[in-house]
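Please find the structures below.
Both complexes below contain chain A, partnered by chain B and then by chain C.
So, the complex of A and B:
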């Protein structure tokens, strides 16, 4: 009698363990996934903000000479010849700051260098920025950057009308979007969601570098 | 006699169960509070550190390039109160140098520091007082130093413990001199990695 009861208890313990362990592993996987998501999102925010700010380290009328190229993900290079140097600075800063394993991130690409966006207000409709001629079309970060072209032609950046209303202020904006794909990681066992991350940053022109 | 002892033991077992259930519930609640608060603080410490770095970079980008190219203007060398300055007083708004204004503005906006704790939507600007939370910027003549302080309200405060924690981040950045015509060297004193006075 005693022996069979003990054997029954053992079997019950094994069954309980078999039920609980997968649940615990599932929880641990999801905790780790949330932690990874927070870390990547923070890095994305930081990279985007620094990219927007780094535009002001280049003179406004500087244009990249023929043959210029930079950075890019997955071993790609972005050709920046003929584009404002600030665009290349922004891209270099972004890719230099985003150090997360690229296998985990699926980027939503866009034109690297754009101009002429407008946030709009009650009287003025919002305007989507337009890509510079020759801008790489599939960059992981997209920046709306003003510049001074040949002959002193001013190309506007992004007009933020919440600043200095109603005319707005010409600022630099950078944005990046990506989704995290856990399918190629050990976390795929228990993580069934694919978070989408988005970061947008705006940098105001400093008084002496416009 | 036997019966009454048995009943008392059964009653005590019920009491133990109740005490254990209440104690364990309290323990679990504390654990949830601790995990949630720690995660929240982790996120905010990262944000505040990023804000400090961006703030310092923004300040460094706002240095008057004429100073970097040895055009001292109305602020000759050792006479300057702050070594990295905007040369002309008219470039200054209020009491803040241009680099300070950009630095503080970027720090406050990036760390989402509210102007009024009751209304988180209105953010602080450079003209608002930067205490008890806010951005403080200083320069030693070679770099711009920024320190961002933010008071974080914990999502589930533990009873008996403070409901807010002060998080600080600091960063520094140097202005880019840039082209091949630059002749100036940094005239500042040696960098001292200490926060600016509040």
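So, the complex of A and C:
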């Protein structure tokens, strides 16, 4: 009788440990995963904000000549010939800043360079931007950028009508979306969710730009 | 206090076999518990430090990309000026870690200018140069090639990208201190958190 009670106690201790350890590790894994998500999201926000700002480091009417190309993730090349130079600057800034955790991130690609978006208001409906002719379609960052084309033709950027209503201001917006995949990391056995991260940044032209 | 004494008395009253079992359980669970606790705390510390570093490189890139000493200048501010601008805020978030400005010294003994500055590419490089638990702020500048007269059949401007403004890279790199005490981690100086965060942007040109 006493031996069976002892054996029961032993089994209970083993069962308790077997239950508690996976729960403890599960909690730690998910805690670490949340920390990673927060950090990557912050870096994505930072890269997108710098990309939007960097459009204004290029002259407003500059267009990339034939043969121009840049950056891209995983050694891909983005051909930027015929696009506003600010578009290439934005891409160079984004890819130069968003350098870490590349194995973890699955990008949602879009057209690199677009124009003509409109936030809309009560009187004007929102308008989706249109990709520039020849813009790479599978970029990790997408920027809505205005420019001055040949013959002085003004190509509109993004009209944000919340700024200076009702006509709005012509601004630059850049956006990027990605999901985090923990499948190839040691956290995989305890993290069962795949967070989607989205970053959008808007930049106003500085008053004394070239 | 009384509870502790009661616990000790209860442990002493246990049969020897059960007492041994409790100690074995405790010895097995304690390292695992400490591993989880320190792991979670280190993950939190890493997140706080990474967050501060990402904000700092963004701010540094903004400062470095602005014009230099004159409104028509095409060169970025000196690397040490950029480092000084962000180091104070960075230090307050880097617990137990020294923040320094990276300086590749020339033959003359002075710091190399931004245009020839070579930033370290791995945290180990920083550790070898400056010791453990040090992160450095490094600013480098990549200038475009000089424009020349295009050869026959080539479009102007030549070569490609010669009209671009310089590209500035701000990097924070090194090993940051962690909560794992020395002797318990893989490194000789204890466990350290590798960090390598950078931001790149073109410099801003103002209209003359």
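Keep in mind that, in the parts below, the second predicted complex is superposed on the first by the 197 of 210 C-alpha atoms of A that agree within 3 Å, B and C clash if a C-alpha of one lies under 4 Å from a C-alpha of the other, contacts with A are read in each partner's own complex, and residues count from 1 in each chain.
Keep in mind that, in the parts below, a residue touches a chain if its C-beta (ideal position, glycine included) is under 8 Å from a C-beta of that chain, and two chains touch if they have at least 3 such contacts.
On a predicted model such as this, the values are computed, not experimentally measured, just so you know.
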Side-by-side fit of chain B and chain C on chain A, or clash:
clash
Using the superposition on chain A described above, determine whether A:68 touches chain B (first), chain C (second), both, or neither.
second
According to the stated criteria, A:122 is in contact with first (chain B), second (chain C), both, or neither; which is it?
neither
With both complexes overlaid on chain A, does A:42 touch chain B (first), chain C (second), both or neither?
both
Pick one for A:24: touches chain B only (first), chain C only (second), both, or neither.
second
After the superposition on A, what does A:53 contact: first (chain B), second (chain C), both or neither?
both
Which chain, chain B or chain C, ends up touching more residues of chain A in the combined arrangement?
C
Touch test for A:96: chain B only (first), chain C only (second), both, or neither?
second
May I ask you to decide whether A:204 touches chain B, chain C, both, or neither, giving the answer as first, second, both or neither?
first
Give one of first, second, both or neither to describe whether A:32 is in contact with chain B, with chain C, with both, or with none.
second
57-65, 111-119 or 183-191: stretch of chain C that collides with chain B:
57-65
Could you give the residue numbers on chain A that contact chain B in one complex and chain C in the other?
38-39, 42, 46, 49-50, 53-54, 56-57, 59, 206, 208-209
Please output the residues of chain A touching chain B within their complex, sorted ascending.
38-39, 42, 45-46, 49-50, 53-54, 56-57, 59, 203-204, 206-209
Residues on chain C engaged by chain A in the complex (per definition of touch)
17-18, 21, 25, 28-29, 32-33, 36, 39-40, 43-44, 46-47, 50-51, 54-55, 57-58, 61-62, 65, 71, 155, 157, 160-161, 163-165, 167, 169, 196-207
Which stretch or stretches of chain B touch chain A in the complex?
39, 42-43, 46-47, 50, 53-54, 57-58, 61-66, 86, 91, 98, 102, 105-106, 110, 176, 178-179
Note: in the complex, chain A contacts chain C through residues 6, 9-10, 13, 17, 21, 24-25, 27-28, 31-32, 35-36, 38-39, 42-43, 46-47, 49-50, 53-54, 56-59, 62, 65-68, 85, 89, 92-93, 95-97, 99-100, 206, 208-210
